[in-house]
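Below are two complexes that have subunit A in common, paired first with subunit B and then with subunit C.
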Partner chain A sequence: MDQLEKHSYDVLIIGAGGSGLRAAIAAHEAGLRVAIICKSLFGKAHTVMAEGGVAAAMGNRNPHDNWRVHFRDTMRGGKFLNNWRMAELHAKESPDRVWELETYGALFDRTKDGKISQRNFGGHEYPRLAHVGDRTGLELIRTMQQKIVSLQQDDARRAGMPSGAHDGRLKVFAELTVTELLLTPSGAVSGAFGYWRETGRFVVFKAPAVIIATGGIGKSFKVTSNSWECTGDGMGLALRAGSTLLNMEFVQFHPTGMVWPPSVKGILVTEGVRGDGGVLRNSEGKRFMFDYVPDVFRAQYAETEDEADRWYDDPDHNKRTPDLLPRDEVARAINAEVKAGRGSPHGGVFLDIASRLPKDEILRRLPSMTHQFKELADVDITAEPMEVGPTCHYVMGGIEVDADTAAAARVPGLFSCGEAAGGMHGSNRLGGNSLSDLLVFGRRAGEGAAAYVKALQGSYPVVPQVQVNECMQTALAPLERADGESPYVVHQELQQVMNDLVGIIRRADEIQHALDVLEKLNERSRHLAASGPRDFNPGWHLALDLRNMLLIAECIARAALLREESRGGHTRDDYPAMSEEWRKVNLICSLSADGRSVEVVKQEMPPMRGDLMALFSVEELKKYFTPEELQHLPAEDRTDVERKVEVS
Partner chain B sequence: MAQGHFRVWRGNAEGGDLVDYDVEVNEGEVVLDVIHRLQATQAGDLAVRWNCKAGKCGSCSAEINGRPRLMCMTRMSVFAPGETVTVTPMRTFPVMKDLVTDVSYNYAKAQEVPAFAPPPGLAPGEYRMAQEDVARSQEFRKCIECFLCQNVCHVIRDHEENKQAYSGPRFLMRIAELDMHPLDSLDRKRSAQDDHGLGYCNITKCCTEVCPEGIKITDNGLIPLKERVVDRKFDPLGVLKQKLTRR
Partner chain C sequence: MTAVAERPAETRAEAPIETRPVRVKIRRYVPELNPEPYWQTFEVHALPTDRVLNLLLDIKGYQDGSLTFRRSCAHGVCGSDAMRINGVNRLACKVLVKDMPDEITIEPIKGLPLEKDLVVDMEPFFEAYRSIKPFLITYGQPPTREHIQSQADRERFDDTTKCILCAACTTSCPVYWTDGQYFGPAAIVNAHRFIFDSRDEGTEERLEILNDREGVWRCRTTFNCTEACPRGIEVTQAIAEVKKALLYRRV
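== the complex of A and B ==
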């Protein structure tokens, strides 16, 4: 066995995307020693892919906007399955988190009076997304990356170093993958085990608090906008450590991914195209979204093209275009149009911005989309429509956490934020709410972990050597098998089965079939073999990542089989209606005692606080809640009350 | 579907060589797709960095037929039918393995640039800037840190010894970006010249030519920064004022 590299920190953050970096800033500001682990190079995490913007009710473009409106939109988008406390904190705190980025050096696009500009997006009542063209995610991650460097520079100055940075109190470990959390005999966090990607050498981190900020799971699906890193690592780590995942059946298929050529299928086309005036059309040239407005949203969306087009300039007197319905609705509509034979030549629909905006304006607002289509598909989006279709984009489910502190369920010392954590977005996330989620709950996780560590008053848990030995054996196994299954083949089969059988439209028999296939893949995954040396060996890395991907795929499939209704990012062909009874139910995944299978149980959601209920009209609540849940509410229409609240 | 012929550099810090592969190529694919197919079918341990596969993260930088490019944005259709495609790691940085290089030079240089210094007394939420003023720095913030500009810059590509004194186009541009930030409160001109080696750049514009984001690094970043350094250094009134106010 190797000479082990060992490190000791107060807070260990796994994941260096937006939420991990924001957590690091918060934990460092609380005075603790912090390590950040990134699977890739620093600054390359999946957050760079976010395009449209960060949602925050600053009211810069429309003064009627405030946290209550944002909260309402978020709950509606999530079909009221959201953890309402998280949605409340998110709506209240996101403006401060965005303004804070400006003090770190971020440069958002501006309004005429010099404030941060805000754009329209699906499901948001007012223009709410702070943005930088269509590369907002890049701005976010670079800003926080540079903030981390500046904190290291401050530390250096304090330590009396002449120039440059000092990483003694805030260190980034780049290209390092964590394969297991380490625990005390009583089940609290004591650290983590991982390997350097470059050398394959093992590292042990000793830390009383670990924040999981590892992002999503998209790489379990064939058509996805996600990068290779999105393998559900953190969720796998949490499950194996004894924590729980919540509502894993809710997977967001972004309605507009590229569909042609095949090699780029799934790459994201920002919702900003529609926010800025782009419309969806079928092969007959018809704006089909008008046919797909569900009853629960009928009051908020335009019925005619004329009204929808007037809304861009006069939103106070017209209703918005159904092109900007929440993502689950638009994705299902596109799916239905293609199935009905009204799709584009390559199996998508048309997204038209060329006939809606002057060329210069498209170039200014959507430079990265223009570039992407020209380079990868030979399509000039200023002159012709794009072809788009649904792509696996985001998981609403995730680690079950406490809203205020981001503490993960059942494991003391474990915290989670960002896409890896569940609850905030309910059954469907609104565009723009992800970047704000990262900032709000990244900070809360950093502060939550810091408070936990301070309460320990220096008595830190030890790392048991026997666990470390087990971790080494598990990690080395694929390299030591002379011949066995190719990780690449098992991965491709996993992606295919999830895409075909647990995708955008689901049925009991198909999900059951998927579970059978997954069981076989699980068996085969115990015989994975990776040839070659330990240094930078992608086949070996994939073999280790597959353990998490298969586990998370099983969580998604089992929860999807259990939930017999359709809501947000979970559509059951055999249960097409939304059920009031299922609305109050969270599905909780945990690992069985022998560690070989996933168990899912129902757990009732705590009732929403009265003052938050009062932000909606009783008429609207009736569409989602059971009569028993509403019996204590006064019967009158709440619209007047609501207006008064907003004015105050 | 067609067959393509690839030559890929395989090896590590101790040495290596070009290895020949015949591999399937499909319509619309980019070089990175073909590299991935090689991994899945012929060379499971072929090391390559990549993340987004959409030209947004800047991870998959390499030299393709000698030209610094992103593998995810290089369409196979740019090559003539039957043309051999040679993929080698970036030359300016030490090889780790195969197509992966040690780019830590860049992260070290990033740490030497003093951070954005917010204007004292301005509360968060009170920042007001005009779009035309932020647009100049925004151009540079499009940078995806692929480090192709650093790789191609002859000041360090052929002169290892300059790496100490010279931060390269990426980080000179970062200084220009902060210098043009409407609310930054530091003077960065002297440091650009003295600490980051702005004088080494002799504006051959190789960096601009390879930038996958189309940033005009030289024209909009480095030349204006040079001009301001010169203004500061050789302006007689300025020098006098500096001398008078120093004590």
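== the complex of A and C ==
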């Protein structure tokens, strides 16, 4: 057996994207010793790919904006399946988190009076997304990376040491993958087990609190905007540790991914293109989104092109363009147009900004998009339309957490935030709400974990050696098998089956077929082989990541089969309507006792607090809630009352 | 050699454009098996729209699963896949095959310790980055909301905020290759990002660091860095602006 490298920290954060870094800052500020683990180099996380902006009701461009409007938009976008407490905290706290980020040094585009500029985005009533051109995620990561460097240097200076990067209270372990959480006999967190990607050597972290901030699952699908890290690791870790995942059937297909050339299929085209005036057209040149406004949104969206176009300059007297409907609606509409034979040459639709804005303005507002299309597709977006189509982008489901503390269900000491955690976005996430989610719940997770650790008063759990030995055996197995199967093959087949059978439009028989295939893939995955040395062995790494991808794929498919309705990021061809009964239901995934399969149960959602219900008109609530849920509400339309509240 | 996948028969046939055979000559280094780096050539049938990254993924997926390189976002934002492609530092995800000859040589970036195949130890690079205090320095109470910054002030340092820390500039710099102490252009770019930020109050201490013997004065203005930058940052100009700020002690 190996010589084991061992570390001991108060709080261990797995994942160094936006939420993990914000959690690290919070836990460090609480005075604890913090380790951050990332699979990539520090600062390369998937968050860098977020383009459009951070949603926060600061009201810099429209003074009517406030947390109540943001809360309403978020709940509508999620079709009222959101964990309403998370949506409330998120709407209330995101302005403070953005201002705080600005004081850390984040660059933002500015309004004429020097405040943070905000842009329009799908589903947001007012211009709400603080942004830096179309590279907001990159700036968010860079700012927090810089903040962490500054905290390390502060610590080092206080301790009289030359550099905080190596010895301080805040350490980054880059290019290290965690394969298992370690638990006490009673099932509380005691640490984590992983390996250095560079050397393949094993590492044991002892820590009473672990925050999972590992992001999403896109790499289980063939066409995705996600980067290679998004293999659902944290969700797999949480499940195997005894925690639960919530509403995994809800997967967001971003309506506008590149569809051509094949080498870049799936890469994101920011919603900011539409926020800044771009429109979707079919092969006949028609702005087809006007044909796809669902009843629940009819009151908020323009019915004619003229009104939609007036809205950009006069939003107070016109309704917004349906090009900016929530993402699930737009993705389904594109899917339907392509199916009806009105698609673009390469199986998407057209996204036209060239005829809508002067060239200079496009270059100024969308520099990354201009380069991306010029360099990768040889398309000049200032002169011709882009071809776009849906791409797997985000999972609304995730680890079941407490809204206030980010504590994960059933496992003391386990916390989660960011895309890895579920609930906040309901059945569909609005653009821009992800970066704000990272900041709001990253901080809360850091503070939640810190409070938990402090309450232990130094009686930290021990790491059982027998578990460590098991972890080593499991991790080494693919290296020791002489002629097992290639992990690349299993991965390809997994991506294909998820794309084809559990994708944007689903049917019971297809999902069942997918589950049959997944069962076979699971069986085959127990015999994966990746021979060769342990240092930077990509086949071995993939074999270990596949365990998580397969587990999460099964969660998605099982939950998708059970939920017999269509809502947000879950569309059932055989149950096309949204159901009031299903709105109350969360689907909870856990691992079976033998650890070999996923079990899904229904769990009723706690009723929304009265003061939050009162932010909506009864007429609107009737579209989502059952009569029993609404019987205690006064019958009159409260829109006027609420408007007064907002103005005051 | 790790296992690889069988190529599904239809993937390439689906493609409506003719593929072209490309010879990909890669500088390999597998210290556990061989103490010396060596060259290995693969043949790949590539679409003109493929990027060099697609060729590497193709080789790793179908020919040699042990081939090691970094990549993450795969479209030029994260800055993980800088490498020397036909002798020039580029991001593999941003170089199209149609712009390449029939033989493409790929080597790791120079000047950083080699770990395996195309992967180098980035720690010295990040150490230089950290040494220029790459964070906003302010004194006094932070504002309750945001700092006010005019559009013109924000524009002033826009170019250097685009840096993705890929190291393409630093590892194309001949001074950096020969002198282990020089910060390199990326660190100076990131210093520039704060020196010219109207909100920052750390200009003096940062300039002092850059005025060091191993600081900006080592730059010989060869423009390799500007040519290498995948983000189009005017690196040499940024370094010149920092030099000027040092000479006149004024930003």
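Quick notes on this one:
Here, the second predicted complex is superposed on the first by the 642 of 648 C-alpha atoms of A that agree within 3 Å, B and C clash if a C-alpha of one lies under 4 Å from a C-alpha of the other, contacts with A are read in each partner's own complex, and residues count from 1 in each chain.
The definition used in the following text is that a residue touches a chain if its C-beta (ideal position, glycine included) is under 8 Å from a C-beta of that chain, and two chains touch if they have at least 3 such contacts.
In this text, all values refer to a predicted model and were calculated from it rather than measured experimentally.
Superposition model on subunit A: subunit B and subunit C are shown in a clashing arrangement.
Applying the stated contact rule after C-alpha superposition, one finds that A:139 touches each of subunit B and subunit C.
Of the two partner chains, both subunit B and subunit C are touched by A:115. With both structures placed on the common chain, the touch criterion links A:485 to subunit C but leaves subunit B unconnected. Taken together, the two complexes place residues 40-46, 48-49, 58, 99, 102-105, 107-110, 113-115, 132, 135, 138-139, 142, 146-147, 149-150, 152-153, 163, 165, 198, 227-229, 261-264, 267, 368, 371-372, 375-377, 486-489, 492, 530-533, 535-540 of subunit A in contact with subunit B and also with subunit C. Interface of subunit C with subunit A (complex): residues 1-6, 8, 14-15, 30-33, 47, 49-51, 54, 60-61, 65-68, 70-80, 94, 96, 115-117, 119, 122, 126-127, 130, 133-136, 138, 142-151, 154, 157-158, 161-162, 164-165, 194, 197, 199-200.
Within the complex, the subunit A residues that touch subunit C are 40-46, 48-49, 58, 98-99, 102-105, 107-110, 112-116, 132, 135, 138-139, 142, 146-147, 149-150, 152-153, 163, 165, 198, 227-229, 261-264, 267, 368, 371-372, 375-378, 484-489, 492, 529-540.
Subunit A contributes residues 40-46, 48-49, 58, 95-96, 99-100, 102-105, 107-110, 113-115, 117, 132-133, 135, 137-139, 142, 146-147, 149-150, 152-153, 163-165, 174, 198, 227-229, 260-264, 267-268, 368, 371-372, 375-377, 486-489, 492, 530-533, 535-540 to its touches with subunit B in the complex.
Those residues of subunit B that touch subunit A in the shared complex are 12, 26-30, 33, 39-41, 44-59, 73, 75, 96-98, 100, 103, 107-108, 110-112, 114-116, 118, 124-125, 127-131, 134, 137-138, 141-145, 178, 181, 184, 195, 214.
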